[in-house]
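Note that chain A is present in both complexes that follow, paired respectively with chain B and with chain C.
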Partner chain A sequence: MRKKVKSLLSKHEFYISLVIVLLCIMIEVRSGQFFTPNNLVDLSSALIVPGLFAIGAFMVIVSGGIDVSFPALASLSVYATTKILTDANYKGGILLPIVMVLVFGALLGAFNGFFIARLKLPTMIITLGTSSVFRGIMQGVLNSTQIPNIPEGMKNFGNAALFVAKNQQLGLTSRMPVAVLVLIAAIALAYFVLRYTMFGRALFAIGGNETSAYRAGFNVGRTKFILYVIVGAVSSLAGLIRTCMMGQMHPTNMLGMEMMIIAGVVLGGVAITGGDGTLTGCMLGTILIVMVQNSLILLGVPTYWQEFFLGTLIIVGTGISAMQVMRNKRRLVSRKLEEGS
Partner chain B sequence: MNENRVSIRRKLSNFYYRDEYTSRLIIMLLAVLISMLILRPGKFFTFVNFQTMVAQFPEFGLMSLGVMVCMITGGIDLSVVGVANLASICSGILMKAMVAESGSLPWYGIPVGMICGIVIGLVAGILNGALVAKIHIPPILATLGTFELFSGIAIVLTKGKAISKLPMEYSALITSKLFGIIPVQLIVFVIMAGIISFLLSRTTFGTRIYMLGTNIKAAEFSGLDTSGLLIKTYALSGICAALGGLVMLANYNSARADYGAVYTLQCVLIVVLGGVNPNGGKGRISGVVFAILVLQMLSSGLNMFPQISNFYKPLIWGGVLLLVMTLNYFSENRNRSK
Partner chain C sequence: MAQSVIKVVDIKKSFGAVKALKGVSLEIAPGEIHCLAGENGCGKSTLIKVISGVHAPDSGHIEFGGKVYTKISPIESIMNGVQVIYQDFSIFPNLTVMENLVFNSELKDRRKFVNWKRFRRIAQQAVDRIGFKVDLNARVGDLSVADKQLVAICRALMFNAKLIIMDEPTTALTTKEVNALFKIIMSLKEQGIAILFVSHKLNEVFEISERFTILRSGEKIITGNTSELDDKKFTYYMTGREFEDLRFKPKNVSKEPLLEVENLGLTGYFHDVSFSLKRGEILGITGLLGSGRTELALSLFGIHPADQGKIRIKGQEVVIDSVESAMKYNIGYVPEDRLSEGLFLPQSIADNIVISELENISSKTGIIDQKKRKAEIERWVKELGVATNNPANACNTLSGGNQQKVVLAKWLSRNLDVLILNGPTVGVDIGAKHDIHTILQNLAHEGLGIIIISDDLPEILQNSSKIIIMKNGTVTAELNPEEIDEDKLSEYMMGGNE
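Now for the complex of A and B:
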């Protein structure tokens, strides 16, 4: 029993859950509106897109890289898809847009992957570059503008509700989008892939130590390439869902989300140096960030404080994670010294 | 005859490979100049245009210097734009507050305002350095986080609006021209570049940060105070960024939390283009200055083609960055295999 408590206390996920619970209680006490059905449904529907982005960012960080290009990548592939379909006067369902966006996303992801896996260049600088390129293609070459009328099929998918929650007090209703199923499926799939497939284990091995992973027989280059293709596809899917839910395509409104997503992943205890972290932690961190974003208003804090809190959260979160990495390293060294003597 | 040609070629190739990064930049610079000479001779090669260009680049040039010193230690400073905006907002607010009832700024107004900005840059830089050196957050994440934080503070200070109606004296001073020829912004840049060049090549501080960037473990075991050095480096970067912000404040005669958003990428691009190795330990200020000039000329040149929309710029910057990284990769591989 004691051992169990001790192992629980040493887990990052425990502390982040604690923070989330505390924040919930704080908001509930201040506003009395937190545990209303419609607020909870609103929160979970706000979580869909960041959650999908976070899965991609999580896999990249576990492999020891950092991808800051996914919002630009998603914007470009969703813009291209929506533009092509509206120009073709597409009337069908959601299936074709999903397939198209996945293909575009995978292609753009392969572009990232080429530089990172083939030429072994630093991921952060490369993705800064590619995100600028994607943005330039979208705004310059494609001359992107807002598309107010997206195809009917996409709009219907975004509006489709699993169930409707009603706030008895205020009479507000909120719909739980069907898209939440996509998030759940993606989490389940990612969990399975990361835990039970060679590809997933390779990601952790590469993030832990690339040379060791290579010597242990993992094909480092191929794994990284596939990783960036997958991340491109997943991010683009998230972008498509966002566009469907909004009912229109704003080309630039996803840009700049990358920091928030990375912050969430890192807050969840995923080691920024790679090789360590859990999907649960990643999701909890994302929930925390989404809550801070959505609930500051309920706490009565003006929205212009948002960026300040976000910055503080990132620094505190990364700081805690960095200090844990240091402590583990030190413990390892001292244990080795003890064994040696 | 034939022999002669071979020796010239060898001389040229020797010259090219002695400092490949700078040579490549000189070629790019010439290419931009020649293409402008062909396409827009009357407009580009005017005295006024060159004067405008050297007045424009100090904004991001100063920030790039900061990113450079950090990258030499193997880190990076992505918070420069945030620091610059915070510094310019604070000194803007302070200078506005110092305006006397008669409507004019007292004589000490400008120096006090500038010192306030520089001190803010210093404090911000020390915070960055402490996060990197003491708490061991990877520089990329630490400075991205502080970028959000500084921008957040700037937004809170201004409630998201622009600070304008600044005392005219400040803007007039910084945008004036010494002897009617040399823009003051350029002088600020040259002084700062000179100081950094001196620090890097003539002082033990410079030698030490190159050592630190080459191998931080080795530097630590040879008795260097690595965390102190890192904090000093980031503080220097903060000062550079703050100066960039002060120049921006004068150029726009206003300050806002989201000015200069494109400069982050542009600074990284310049520094990598200038031959600074992102893994640290290598890089010279001359390369970075050349890169700044190339970028400014390219940017001013593009502006002379109204049919090319401004939205193409991110594509070009990103494309150039990727191209340069790829070229560096191949030239480094060749050197290794030699």
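Now for the complex of A and C:
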């Protein structure tokens, strides 16, 4: 029992859950509105897109890289999909847009993956470059402008509700989007891939020690290539869902989200140096970020303080994990000294 | 010889204009422990990489039980029973012992999915083979160096290994751990597994191996039985140089002591340490790990200031409470781990040399005088014989011995009075070690007071004019190197005669 408690206390996920619970209570006490059905549904709905992005960012960080191009990548593939479909006066359902956006996303991801697998450059440098390329293609070549009227099928998907939650007190209602199922499915799939496939374990192995992974017989280049194809597809799907939920395509709307997403993943205890972290932690970190973004207003904090709080959270969160690393190191050194004498 | 495990015949390999191997042959019998020795850059690593299939040889061939390969892939090498245990063990510090053990075999079987039960079963079998007691769920990064190595050995044994190549396996181990490793090597030998043991530590070569091969500049110098080998020959084969015995004889000893230490102590680390050092003397300090020897050095250099006792420099009592104050009294310190503490490895050799004398070569406004800088750099590269054709190269392009010379240059350019060296030749080639000893002895003759801290007993005996032994945080003996030998010294160190 004591051992269990101890192992719980050493887990990052425990602390971040604690912070989330405290924040929930704080908001509830201040506003009395946190645990209302509509607020919880709103939160879940706000989590869908960042959650999907975070899955991709998490897999990349675990493999020892940092991808900053996914919002630009998603914007480009969603813009292309929406543009083609509106121009063709598409009247069908959501299936074709999903297939198209996955294909575009996978292709652009392959573009990332090709360079990352081939060139031995830090992924952040490469994705900074490809991010500019994606934006350039979208804004220059495709001459992107806002598309106010997206195809009916996409709009319907964005508005489709699993159920509707109602706040009796204020008479507000919130719809739980069907798209939340996509997030749940993606989490389940990611969990399975990371834990029960050699591909998933390869990501951890490469993030831990790339040379060792190569020597052990992992095909490092191919694994990375596949990873970025997957991340491209998942991120683009997230972008499509966002566009559908907003009911219009705004090409620059997602740009800049990468910092917030990566911050959430790192807050969840995922080592930025690669190899360490859990999907649970990654999701908890993302939830925390989304909560701060969505709920400060319930606390009566002006929205322009959001960035301040996010920044503080990131510094404190990463500071704690840095301290844990230092403490572990010190423990190892003292153990070494004891063994030596 | 019985059917050999591996036969390497006349292997040649060049990288660009550099001939790394100039026709090397090697044959190893089953159950043979064969030592491969040679200085850095002699072609040891290249030979290993050719055998393990990382590099294709330019000419020559490799034979496994009659099968001849002129070129071998890593997989073919593994299939023929070759396993390499690299210096870094090639492990995944972020994963569990279990995963570290099973990845290779799972990948070899081309498995796509993970079955944790199978993982555990395979891993358990692997550790049982050498009776290695370890928690399979422990993170490998949390294990000691010796245990990490055992993980690597267990992993190597999973593939029907016939030949295990160990690349300098004892570098980071304590004496106790080395003995445990040797026991395992002997038991592998009994199972008929041959070991190619790469090392340049003489005593290990004698202790463990039956036969040896020495390479120098890409050529095989000799293969023979270890029983026919002795100190002198070993050094000669490795370096091609004969070394005269370089016992230090102090010449210009000052009358007045330069540095006096009286009842110095740092709570929890050492206490009541007293000694005095004159110009022209070399004081050797030795003791086991944890005896307080390193902490004493760190106190004298102001990193962990002492909290008891007195320090006098040239007769005057001084307080050394920071690195700055130690440097003010012209004390220099060469740390044990020069890689992380003594050098800026990615920076140029030149910048590393001048780093601690920047104020001397720059104008009042703080701008560096390029002429002075160049002159200083040329002077030290020449004086200490740093083997480089361009001081603008990064420091990590140098071998260990030459890096150590750069560390020395860095300090000597400051006109020191006292130089403290902690493990001055750890991980350094025999030739470079000899050079460093010569440099130190000459420096003493020129009037520097030197303190060498080392557990390399021949080094201490050869280079000191006075030896103090530390044990459990204090001085247990002060000895004259003329009157003792290595065995006596080691007896004092272990403290058998308390």
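Assume the second predicted complex is superposed on the first by the 324 of 341 C-alpha atoms of A that agree within 3 Å, B and C clash if a C-alpha of one lies under 4 Å from a C-alpha of the other, contacts with A are read in each partner's own complex, and residues count from 1 in each chain.
The rule we apply is simple: contacts are C-beta pairs under 8 Å (C-beta built on N, C-alpha and C of every residue); 3 or more make two chains touch, one makes a residue touch a chain.
Since the model is a prediction, treat every value here as computed from it, not as a measurement.
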Partner chain in contact with A:212 - chain B first, chain C second, else both or neither: second
Tell me which partner A:310 touches in the superposition: chain B (first), chain C (second), both or neither. first
For A:141, is the partner it touches chain B (first), chain C (second), both, or none of the two (neither)? first
After superposition on the shared chain, which partner residues are touched by A:156: those of chain B (first), chain C (second), both, or neither? neither
Regarding the shared-chain residue A:294, is it in contact with chain B (first), chain C (second), both, or neither? neither
Tell me which of chain B and chain C touches more residues of chain A. B
Which superposed partner A:66 touches (first chain B, second chain C, both, neither): first
Applying the touch criterion given at the start, work out whether A:31 contacts chain B, chain C, both or neither, answering first, second, both or neither. neither
For A:17, decide between first (touching chain B), second (touching chain C), both and neither. neither
Contact-wise, after the overlay, does A:248 reach chain B, chain C, both or neither (first, second, both, neither)? neither
Using the superposition on chain A as set up above, list the residues of chain A that contact both chain B and chain C. none
Give the list of chain A residues in touch with chain B in this complex. 66, 115, 119-122, 124-126, 128-137, 139-141, 143, 259, 262-263, 266, 272-273, 302, 304-312, 314-315, 318-319, 322-323, 325-326
In their shared complex, chain C is touched by residues of chain A numbered 195-201, 204-205, 207-209, 211-213, 215-218, 271, 274-276, 328, 332, 335-337, 339-341
What residues of chain C sit close enough to touch chain A in their complex? 75, 86, 88, 90-95, 99, 103-104, 106-108, 111-114, 142, 144, 174, 288-291
Quick one: which bits of chain B touch chain A in the complex? Just the residue numbers, please. 76, 131, 135-138, 140-142, 144-153, 155-156, 159-160, 265, 268-269, 272, 278-279, 309, 311-319, 321-322, 325-326, 329
